[in-house]
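Before I ask anything, here is the structure I am working with.
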Amino acid sequence: MSSSAARFTYLGPEGTFTEAALRTLPEAATRELVPMVSVPAALDAVRSEEAAAALVPIENSVEGGVTATLDELATGEPLMIFREVLLPIAFALLVRPGTELAGIKTVTGHPVAQPQVRNWLAANLPDAVWESAASNADGARLVQEGRFDAAFAGEFAAARYGLEPLVTGIHDAESAHTRFVLVGRPGRPPARTGADKTSAVFWLRDDHPGALLELLQEFAVRGVNLVRIESRPTGEGIGRYCFSVDCEGHIGDRRVGEALMGLKRICPQVRFLGSYPRADEVEPRLRPGTTDEEFTEAADWLSRALDGRC
Amino acid sequence: MSSSAARFTYLGPEGTFTEAALRTLPEAATRELVPMVSVPAALDAVRSEEAAAALVPIENSVEGGVTATLDELATGEPLMIFREVLLPIAFALLVRPGTELAGIKTVTGHPVAQPQVRNWLAANLPDAVWESAASNADGARLVQEGRFDAAFAGEFAAARYGLEPLVTGIHDAESAHTRFVLVGRPGRPPARTGADKTSAVFWLRDDHPGALLELLQEFAVRGVNLVRIESRPTGEGIGRYCFSVDCEGHIGDRRVGEALMGLKRICPQVRFLGSYPRADEVEPRLRPGTTDEEFTEAADWLSRALDGRC
Amino acid sequence: MSSSAARFTYLGPEGTFTEAALRTLPEAATRELVPMVSVPAALDAVRSEEAAAALVPIENSVEGGVTATLDELATGEPLMIFREVLLPIAFALLVRPGTELAGIKTVTGHPVAQPQVRNWLAANLPDAVWESAASNADGARLVQEGRFDAAFAGEFAAARYGLEPLVTGIHDAESAHTRFVLVGRPGRPPARTGADKTSAVFWLRDDHPGALLELLQEFAVRGVNLVRIESRPTGEGIGRYCFSVDCEGHIGDRRVGEALMGLKRICPQVRFLGSYPRADEVEPRLRPGTTDEEFTEAADWLSRALDGRC
Amino acid sequence: MSSSAARFTYLGPEGTFTEAALRTLPEAATRELVPMVSVPAALDAVRSEEAAAALVPIENSVEGGVTATLDELATGEPLMIFREVLLPIAFALLVRPGTELAGIKTVTGHPVAQPQVRNWLAANLPDAVWESAASNADGARLVQEGRFDAAFAGEFAAARYGLEPLVTGIHDAESAHTRFVLVGRPGRPPARTGADKTSAVFWLRDDHPGALLELLQEFAVRGVNLVRIESRPTGEGIGRYCFSVDCEGHIGDRRVGEALMGLKRICPQVRFLGSYPRADEVEPRLRPGTTDEEFTEAADWLSRALDGRC
């Protein structure tokens, strides 16, 4: 049996898009890949040191943030993101061998799949009844067992469950992607690549209507662009939020570090979730005055001014 | 059979918190109240003029926005919010008569109930297996049918399903509320009360990192405070959002109207979702310079200046 | 004798740059042009209806605002700017016939001329003693009378005082200009040309450190660019200012009108000083969402929303 | 003869308010105090090491910035402010012994005195002709010489010129003050007192309409309040300004230091003019999140995050 360091968990079961995403990572090739029943279960295995890392979905371009992941990362024992993976989303309609489109009365799949196949269903199976399954792979299993006529899942799941892909490439929105993150216990972030992303969660002061504006200005004044911002309730009452944010750059970039310190000062709570290479490798266009060199020059200038030498 | 004008739909089945919320509205007393299987179904009945209005949950202080409601209101045939209802959330653990706590191996309930009872479960039924039901009421029905040992639901649902509330008043977060909205076809908003709320959805320009900051500044410069802001993916790719916003005030308030016009100009798309009385009846504290009188005085001054009389 | 409608005053005496600027205006050709001893005197003649308008300097690219003009326009009986004139500045060194450079021991000129000829003096007449005159033309007169050896003034002033331009084209800063304004009693501003400028004075709330930031944001949120902003003390104590501002656009432009109304609401006092064609005829580059058409569309949308038709 | 270290220059001549202000400084008691003919002359004596420091007026609550001082500090060989002095302004009307009010036909004084006595003149000597003198003390000398009938100056100047104060306590604005600064060669700023002020000059990027807004936001985002901001032309053309700014706090305060570094990065040029105790000893009310302790905690937090320990 492998040690925990050799083990990666992921949101299972086998045959989901998450497994497919995990297998794109070179470091996964030498690990034991263990499917877990839920995002919390996958992450708790990391917290309890039964696994070195977990791959979980965090963002879906159709359904938005995967709230279980956002909330698990925002609360409980701290974790950190070390990698991200983008996977284009296209579903196959999996059926038992011999099933024809006309014979499909019931379909299943994960709830997040539904909006991505809604239009296709309306056009092709307008009378089919949808019932959600716990996962796309679980839907495939239920088709195998005969409880449903067809399941939406990744084409790669067909073989595992003895099914056939009757239709492939189904997706409502062009360029639909799911974004996954590789999560481990807190540690030194991966080295800067120049095309990095930083994730954090910020709690706002409760009674302050301009608090979100102030939060954004801490980024804006240092020229740090946001690439994702999502509200999440804090569980302390209607109208109380924290914000889950991804910004361009690495915590080791001076502009990002200063913005984070500014936010640390004005927010009652900040949780740093990691800096890691962008999967799309897009380098930021820096606003004049925000490079590390310019930060260093300004710090040198301040030192001289404090000494009366400028 | 009643006419559609006499009919309100709601997110069913009977016995849910939504029905309880609907019954708090005076105008519901004289209507036929029709449970629907989903938020889209409840709203589509309004769109197709089979019902005059629908009551659906829109915000939950623990789980955040009810995404189905947010997304249904943001897309498709326009609808408008005319009322809001706040309902404190507390669950009862419903069982078949005779069941004791020690005998409960399986529990069910709506997925949004789970985080609100998680701590209670961990403390009182640590070994019970949770499986989600389509609604809290549906969970009660499944207990009635014997598929689960216990269901979390509103205490009011017990009688309907021949169950008993074994434990009542279960909730993890003090002051947990669910917020419901009464949705109808677009029409003239209810009259101003001085304690109103306005809802709208704003799409951001795709390629503009400061777009959210600009959106907030349109509100801030007119002294309009936000009470809710939630990101929702537009379905057009990772990192593309619209923002669902509630602000203080009524579209008929000059400061709110000018802010909405400003947003209409800078956003590629804006959807006005209604102005309606706040359920909590809290009146806003206006910043100097933002009353209707001050707007009118400023407009008079501008007219005079255009005529060279100031 | 001409009627007051046929009379323009200007900051005299004859032979100053102000007279030269006034003569560039077509409407001056048919008026009686009357030099006055000071900016207040020139403007008071307009206030008392002895003159239809006055031409006075308002901005000098080297010395900054002509404070007498700024303060006169900001206080007292209201006046309005109807035209602006830009005049490139170059001085001539005027001497009595026969004077040579080597023989010049004393020089004079208006105090605002001094910084524009300082470098030239240091290089060419390092030992000459400077004493200020009440105006450049007055300096010329004093040379004529023998009190000084040389005066800096416009070359056009030489003949009037029986002097000779010993050196011409003297100016320290390339592209030095003086800006003059034609000021009348308040009236309907000139029609929009598409390349207009609007002037106003804004008083800040005394006790509010962010007041200037808020002032600028009223412009920024409507996409109105500033072309000049100058602080002036209000005379009510150290640290109390009003701001004299020129912005792009015409009060009849919707974006400008809305910004002015916003400022009218947040400032304890606003004085509109006019909208008039830019002398440089530069048309503004409008930010998306700030054209009159977009303002009208947004207003139409708001009307429909108030009626429940959007 | 004293060494340069023992010598302070000031804007003379003797008997001006500047001398009176200088004599309020304890360190002046042991120095040789040398009047100079102009602000540039007083400051150049410091630059050339003929004097240790110079006292010059920098701000007048009625007339605004003393532009010669602002411009001298902004350009040329760098200098630094080490102290400020506030002096209430009240003029005496000085006359030769025996002169009565009814006999005064001509009055003189420094141009900055005029607006402070304008109302008094209109009420008491409406027909008297004003002609400016090079300084208030110089005006007194001209009265002594018989060229004018009366001079406005400080009461303390009477004896020196053999004159009598006919009227005292003349000032138009209640609470009129002049602010003076003690200027030396650049050196380590005086220690923090908790009630400090920092002065600097900032040049804006030429072509950037939002540059002033950005400048102010660098202060605002760190909670640093401005107490003075004045525009000055750069001499590079109409519409090109630098801004002379005083803010609350000391360059050694973290919030001030970070704001200055931010400005150093976005401005093409910044000149630090010093941090020094406020003459009014008013301590700033700090916004939450802007104390040195909070800056230090945030920096510690960032260090831990960079090491993966938070």
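Each chain carries a letter (A, B, C and D) given by its place in the written order, and its residues are counted from 1.
Here is the rule we go by: a residue touches a chain if its C-beta (ideal position, glycine included) is under 8 Å from a C-beta of that chain, and two chains touch if they have at least 3 such contacts.
Note that the structure is predicted; figures quoted are calculated from it, not measured.
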For this session: Please give the intersection of the contact partners of chain B with those of chain D.
Result: A, C
Exercise. With chain centres defined as C-alpha means, what is the inter-centre distance between chain A and chain C in Å?
Worked result: 58
Problem set entry | Euclidean distance of C-alpha centroids - chain B vs chain C, Å | 57
For this session: Using mean C-alpha positions as chain centres, tell me how far chain A is from chain B in Å, no decimals.
Result: 26
Problem set entry | Junction residues of chain A - those touching two or more other chains | 217
For this session: Would you identify the shape of the chain contact graph, picking one of line, ring, star, complete or other?
Result: ring
Seminar exercise, completed: Pairs of chains in contact here are A-B, A-D, B-C, C-D
Exercise. What part of chain D is in contact with chain A in the complex they form?
Worked result: 78, 80, 186-189, 214, 217-218, 221-222, 251-252, 257-258, 260-262, 264-266, 270, 272, 288-290, 294-295, 297-299, 301-302, 305-310
Problem set entry | Partner chain C, residues of chain D touching it in the complex | 59-65, 67, 71, 86, 115, 172-173, 175-177, 179, 209-210, 212-213, 216-217, 220, 225-233, 235-241
